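Labels run A, B, C and D following the written order; every chain starts at residue 1.
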Amino acid sequence: MTINDFFDKDKFALNAGVKLLEVRKGYARASMEITPMHFNAGGVCQGGAIFTLADFAFAAATNSHGQLTFSITSNINFFKSESEGTLYAEAKEVFCHKRIPNCEVHITNKEGELIASFTGTGYRKDIQLPFKSIE
Amino acid sequence: MTINDFFDKDKFALNAGVKLLEVRKGYARASMEITPMHFNAGGVCQGGAIFTLADFAFAAATNSHGQLTFSITSNINFFKSESEGTLYAEAKEVFCHKRIPNCEVHITNKEGELIASFTGTGYRKDIQLPFKSIE
Amino acid sequence: MTINDFFDKDKFALNAGVKLLEVRKGYARASMEITPMHFNAGGVCQGGAIFTLADFAFAAATNSHGQLTFSITSNINFFKSESEGTLYAEAKEVFCHKRIPNCEVHITNKEGELIASFTGTGYRKDIQLPFKSIE
Amino acid sequence: MTINDFFDKDKFALNAGVKLLEVRKGYARASMEITPMHFNAGGVCQGGAIFTLADFAFAAATNSHGQLTFSITSNINFFKSESEGTLYAEAKEVFCHKRIPNCEVHITNKEGELIASFTGTGYRKDIQLPFKSIE
């Protein structure tokens, strides 16, 4: 099993149209194309959809070392509303601690503008993940 | 149009199974039944699904006054993983400012245990929402 | 050494006028009287002073079990500016995990109004603190 | 009055040893030399001192446009404890909105290692600050 196979099991992200574009140790990039199914009552992409995209990139980056890491707390800031086009999330582990890593995620629209930012703290368990180690 | 009709237009929350149970001025309660479609790669309810539930309750509570309010920043803390049963989010506006309200949301499982907490800051626009005023 | 003696060693909080009023397992209350030394350039109590008060209450509540716990991430929301009177911080551990506890802190002014809220996540080390166990 | 004169009125930051090193539109850098007065009960620099440094850099960056901007919410992540040397905070406005700007702050130690990160949201009032406009 590759790390991509593993993250294909994330049904909630998959149903939201989230795709893993790239993953390296401590780094990941994901995308989500906005469709009407992502709309909130105001007709723009729901905050929960943007969070799901960001959290997925966070999960890929922090689990890239092969050790199970889950999220314990996140902060998300919303800058611009979007109602079409593809969104991109780029996650970088800025603190690669053996127990409590921290990761920054920038979310951009198709023009490359920053539309949201996310910071997450993880907690690593002593459990190896069932995918082949990556570089 | 009632406030419930208005929030029925939130397609992303609706698709995630989120239901508005109760809404009063500055207060809202919502639920989401966990199904396999909510699972992440680890087989438990995805953080993005829990965020969507919390953010929806936040939106109902902060928009309850009839003035358009969107989220500018949120903080979410995850305490327990859940893979079945119904989750509940209870949102209380602790600071009802005319521009930048703040709302605390507690998310509980079917046993009433706190499984996550959420704090959100909104920004009110000078736009009246198209639903009948509530008490 | 009592837990109060231990927290008297917090020189930064002490210099800011922070006082520990009460501490029980998973709970603490602290105060800080605003003086001109707490002012920011705008002539009101600086956010860093309010954070110091809240973080001190968080530290007392989360370390009350006798195991060294430090802060890994916090979120603070500011609702009202204050330039006089005493501020109070009340900290409650809402998630008493053996490694990664979470604590909510409400900060009020002398009229009892909520002027700020704080949520913090701690990390417990396998180190016993040098004070007598409390009830 | 220059912007530096204005921020010299921040008594709490000044007492904590915080210095404004550089300020441009949407950007600021500040420093704080750790002394025993910054210690918490564990003998390392208190979280409130680090927050004060970060919040000061946030305030300088977001107020650099000459319009009064105060903090409404902040998130801080602590990565490493420090007990000596000078800390540096670098603040960048990543979202320069006319009402609700957002700013990222990285805090580093004398070796240039990231020891904390901070994200803050401001709220701009329709009040011009009493200092000469900067480039």
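For the reader, a short list of remarks on this structure follows.
Assume a contact is a pair of C-beta atoms (placed from the backbone, for glycine too) under 8 Å apart; a residue touches a chain by one contact, two chains touch by 3 or more.
Keep in mind it's a predicted model, so treat the numbers as computed, not measured.
Of the two interfaces, A-C and C-D, the higher number of touching C-beta pairs belongs to C-D.
For the pair subunit B and subunit C, the distance between C-alpha centroids works out to 28 Å. In whole angstrom, the spacing between the mean C-alpha positions of subunit A and subunit C is 32.
The distance from the centre of subunit C to the centre of subunit D, with each centre set as the mean of the Cα atoms, comes to 21 Å.
Listed for subunit D are residues 72-73, 75, 77, 102, 121, each touching two or more other chains.
A complete topology is adopted by the chain contact network, contact being made between every pair of chains. Contact residues on subunit A toward subunit B in their complex (touch as defined above): 6-13, 15-16, 36-43, 45-49, 51-53, 55-56, 59, 68, 70-78, 81. Across the complex, subunit C meets subunit A through its residues 72-73, 75, 99-100, 102, 121, 123. Contacts from subunit D toward subunit A in the complex involve residues 75, 77, 79, 94-95, 97, 102, 104, 114, 117, 119, 121.
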